[in-house]
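Across the two complexes that follow, chain A remains constant while its partner is chain B and subsequently chain C.
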Partner chain A sequence: MQGFRLHFVMLLRLSWRNLWRNHRRTYIMLGAISVGVWAMIFMTALMRGMVDDMLNQGIHNLPGHIQIQHPAFLDDPSVVNSIAEPEGELLAALNQPGVKRWATRIKVPAVIASERESRGINLLGVEAEAEADITGLPAQVSEGRFLESNQDQGVVIGAKLAQRLETRLGKRVVVMSQDPDNNISERGFRVVGIYRAEMPGLEEYNVYAARDTLQKLLRIEGRVSQIVIVDQDYRDIESLYRRIEKVTPSTLEIKPWYEIDNYLAAMFNMMDGFVLVWVIIIFLALSFGLVNTLVMAVFERVREIGLIQALGMRPRLIVYQILLESLLLLLIGLAIGNGLAIITVKPLESGLDISMVAEGMAMMGASSMLYPNLTLHDMLLANSVVIILGILTSILPAWRAAHLDPVRALNST
Partner chain B sequence: MSAIHCHQLCKTFRQGDEIITGLDHVDISIEEGEFVCLSGPSGSGKTTLLNAIGGLDTPDSGEIRMGDIRIDQLERGPLADMRLHHIGFVFQAYNLIPVLTAQENVEFVMQVQGIPAAERSRKARDILREVGLEGMEDRRPAQLSGGQQQRVAVARAIVSHPDLVLADEPTANLDSVASTHLMGLFSELNENHKITFVIATHDKRVMSYARRLIKMQDGKIISDEAQ
Partner chain C sequence: MAIRRANMKGKPFCLAVLLLGLAGLSPALAASDTATPDPRDLIRAAMEHWRGITSYSEMTMVIHRSDWERSFSMQAWTEGDKLSLVRVTEPKRDAGNGTLVKDQSMWTFSPKINRILKVPSSMMNQSWMGSDFSNKDISKSTDIIDQYDHRLLKAVREDDHFLYTIESIPHEEAAVVWGKEIVVIRDDYVMLRQEFWDQDDILVKVMQATELAQMDGRIIASRMRMQKIETPGEWTEMAVDAIDFDIDIAPSLFTLSNLRNPRQ
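Right after this comes the complex of A and B.
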């Protein structure tokens, strides 16, 4: 151990001084590594921000991180497949502090009609004050207001639907659906709010009414379609999911968001892969420079390597010395690159307006503001890739240096 | 353990189609504490012999023993250890690691050996004083004259009391004052520390210091006499 420490100090001194022997080359390489690392992290933060936004949108549209419903409901979202409002153990679990928000909601197919037009829609009966956390809809209301209580008598419709129905704020519409006995139930609502969704398609279909009002209309007092739960962070819902699953009656079905929507799950799972591929691509570009730098550094000191071999330094220590030199170079480059990335991403985290290029993105569920997301996880990933692959690519030049023929090395000029 | 015995050493080099003789059936024994000069014209095989004894190069055939150890049969790692602990080298030029100071160059070998810092630093300072470089400990090789550089190399070669010092044309790049100084130093160290010296040279003045003079030609030993 003592011996190892001595060797390390010695190797560190040699490596550090050797690194600054050719300033120019070291600076150029540091510049390349810094910019490369910056690009890795900066672009990753942008991608992460964009994908996060899509996932958040997607989860808002499900909605929720965890859903509890009748086992047949996802296939047939009719009023027949409703469930009782939560009670007992399940209710207690939902009210525990770990849950950010939970709510019950009703979702049934319906027809909405104005004086001129009628359309098939998704009729949603929601708990008014929970909706901000669940779908974020209140923030999207562009005219009028959102529902104010669970007994609110109005409806909130999308701007697109208003246009199709040739109706507007303050006008009355009629909503028709079926009760569990297949009787038509219908009533008039006043349009109290109009919303604009990030995904225009939704504006035409989702119509929001108060939950209790719909229970009465559909004659399902005390029953709902779904229980929707929102955790603190959609990436980390496992423990909450398990806790709630344990107390969910076996007659009900409980699903996390990634099982409800495979597309979202795939996007989420692929993101780490994307980041890794991106980081590796940049690293590959850097690795040419790195290997070249090391090969040149070794080439310049062949005689010296012969000398330290003659003095009795084992080949292994020579390998370590060159790897350490490479590691120092990488660490300095990483420090600068990470610093640059933090300095450039932080000011952008409050949002980057990309509406000029965002027309097409909206279709994919992205908004016109991009919020770059610099995560520790991504920074660690980029840094580890650079260090691990950097060391791996340095092994060959280092090994070759250590296995030079000492006599030839000493005689080289 | 420092007596060296070479038996029927042969070494050839191939250069294109030509086969060049480096060593041609060399037999030689060097006892502990000897001060030997290898002389002979350029190309006579002096360097090849030193490299073989020091384990930098392996002979094609023959045996080299240092005490009980067959140097010609050791692997790279053990050979490096053997050089580290038992042999000091002084070459013609470029003996020092350019990024290290005189003091650090001398300490380098001790560092590889794993000697603690305080002891290392004391020994290095003492030996640099002994070779007449007091006050130059913190200079880099580029800031030292050729003679001073050679003395740092000598200091490094002997600082951890090796059994054997192999010096290959150590005075070739020195003026006569520096050469005389260096040879004086060698014979002093040989007497004071009982270190065996084998010095390859074709410099007459250097040979005059030797107590045993071996002459080589075409890879063969042509004379071997005490003087």
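Right after this comes the complex of A and C.
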């Protein structure tokens, strides 16, 4: 033990000094590693931010992390496929701590008409207060106000829809739909608010009214289309899902967000793999420089290595020495790279306006503001990839150095 | 059934609904010369006269556009303000197309596809047979009485009649897109003119009785024109060629099977 410690300290000192013998080369290599690591972490943070944003918006549009509905509702979202408002065990489970927010909502196809136009819409009967946590819509209301209570008599429509209908804030529109018996149900609503959605398609399609008002209009008192549950974090809903699934009556269907929208789920799952591939690609570019540096370092020191071998140093220790030199180089590079990444990402976390280069991003479901998301997990991944693969690529020059023939090495010029 | 041909003038609005609003009855009006009538009662009276009344009429509908025009001949049966059946007889290629209105529900039948379709709420705002009338215009009936606040704007004496101009403003929750409607009713309850104003006080469309005629003992608006103000070259005109009131109608007339297979 004592011997190993002694060896290690000696090797460390040797490696450290060797590193700075040709300090210009070392600085260049450090620069390469730092920039590489910075790019890994910075770009990953940007991508994470973009994907998080898409997922958040996607989940807001679903909406919610977990939905309970009539088994036929997802295929046929008609007023017939409604469910009773939650009660008993289910209600108790929903009110437990851990559920960030839950709400019932009505969702039916409908037609909205102004004096001049009529259009097909998706009519949503929502609980006014819960909506901020569930879809974040109230924040998007650009004119007027959002619904104020579950009995509110107004509707909130999108700016695009208002334009199509040639109507505006404060005017009345007529909403028509059908009750469960296929009779026409309709009434006038005053437009109390106009919202602007990140995705223009939604603006034209989603119309918000108060839940109780719609129950009366559609003649489905006490019934709703969906129960929407929001957990603390969409990434981790398993335990809550299982708890609520247990108390959900078997006549209802309960689904987590990743089963409702496979595209979102695929995006979520793909992201980790994507980050790994990105990190490895950058590393590959980096590794050529690293190997070259080490090979040069060994090549310059052939005589020296031959000498210390002749003096009795074991080949294994030479391998260790070269690897240690590589490790020191990597660690310094990583430290600088991580530092750079943190310094550049942190100021951007309040949002980066990419609307100039990102027209059409909305179609992908991303907004024009990018919020980079620096996660510990991604930083650890980048660092461990660089260290592990860095050491692995250093083995070859180290091994070659260790296997020099001392006699020939000493005689080489 | 016997049909008395009208001398000339005449045509009602579209179906029972329109007939309802537009045709008046001569009696019951004596009192109105003296006192100012309540506007709501006026409209109610114009409509109530139809309650329980049956009619059979032959009508012509002309749809006029800037570059084309087409006309349909049709037969219509009505009973009260809730039931009506219209069937196209001419031109040949549209013959047999029918519309049945029962309360607020509406069905159409097309012999070409041999199907009865219930007109869903989503199509209520669409045009009825390509005309300037919407399905809603056709199927709506007495809503105007209860879903609006009525105000008498003026009463003008013209020849032997008083003309009452009534402004009707829909209630907040009424399923009506208009900001207001202005109705001109003659003291014999013939509705002469109905204007549809948007919520910015711009006139959007007008239904105007262009001819009145005495037919089968009653004065009715025998020719009506529906015109959208924004497209002056486009209008739809309904003319009543002949009408019979108080006829016997078999209970089976206003049924889906009769819509598909005419038996009368």
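Please note the rule applied: the second predicted complex is superposed on the first by the 407 of 413 C-alpha atoms of A that agree within 3 Å, B and C clash if a C-alpha of one lies under 4 Å from a C-alpha of the other, contacts with A are read in each partner's own complex, and residues count from 1 in each chain.
Following the convention adopted for this analysis, contacts are C-beta pairs under 8 Å (C-beta built on N, C-alpha and C of every residue); 3 or more make two chains touch, one makes a residue touch a chain.
These numbers come from a predicted model, not from an experiment.
A.B. asks: In the superposed arrangement, which partner chain does A:Lys255 touch: chain B (first), chain C (second), both, or neither?
C.D. replies: Neither partner.
A.B. asks: With the two structures laid over each other on chain A, which partner does A:Arg223 touch: chain B (first), chain C (second), both, or neither?
C.D. replies: neither
A.B. asks: Applying the document's definition of touch, where does A:Arg172 land relative to chain B and chain C: first, second, both, or neither?
C.D. replies: Once the two structures are laid over each other on A, A:Arg172 reaches chain C alone.
A.B. asks: Of the two partner chains, chain B (first) and chain C (second), which one does A:Arg145 touch, if any: first, second, both, or neither?
C.D. replies: neither
A.B. asks: So, A:Arg243: does it touch chain B (first), chain C (second), both, or neither?
C.D. replies: neither
A.B. asks: Contacts for A:Arg196 in the overlay, against chain B (first) and chain C (second): which applies, first, second, both or neither?
C.D. replies: neither
A.B. asks: In the superposed arrangement, which partner chain does A:Lys100 touch: chain B (first), chain C (second), both, or neither?
C.D. replies: A:Lys100: touches no partner chain.
A.B. asks: Name, in rising order, each residue of chain B that touches chain A in their complex.
C.D. replies: 51, 54, 56-57, 76-77, 80-85, 87, 89, 91, 94-100, 104, 108-109, 111-112, 114-117, 156
A.B. asks: Which chain C residues qualify as touching chain A in the complex?
C.D. replies: It comes out as residues 104-105, 118, 120-122, 124-126, 170-179, 196, 198-199, 204.
A.B. asks: Mind pulling up the chain A residues that touch chain C in the complex?
C.D. replies: So the residues of chain A touching chain C come out as 109-111, 113-116, 118, 120, 153, 167, 171-174, 176-178, 182-190.
A.B. asks: Of all residues in chain A, which touch chain B in the complex?
C.D. replies: 2-3, 6-7, 9-10, 13-14, 17-18, 21, 303-304, 307-317, 406-407, 410
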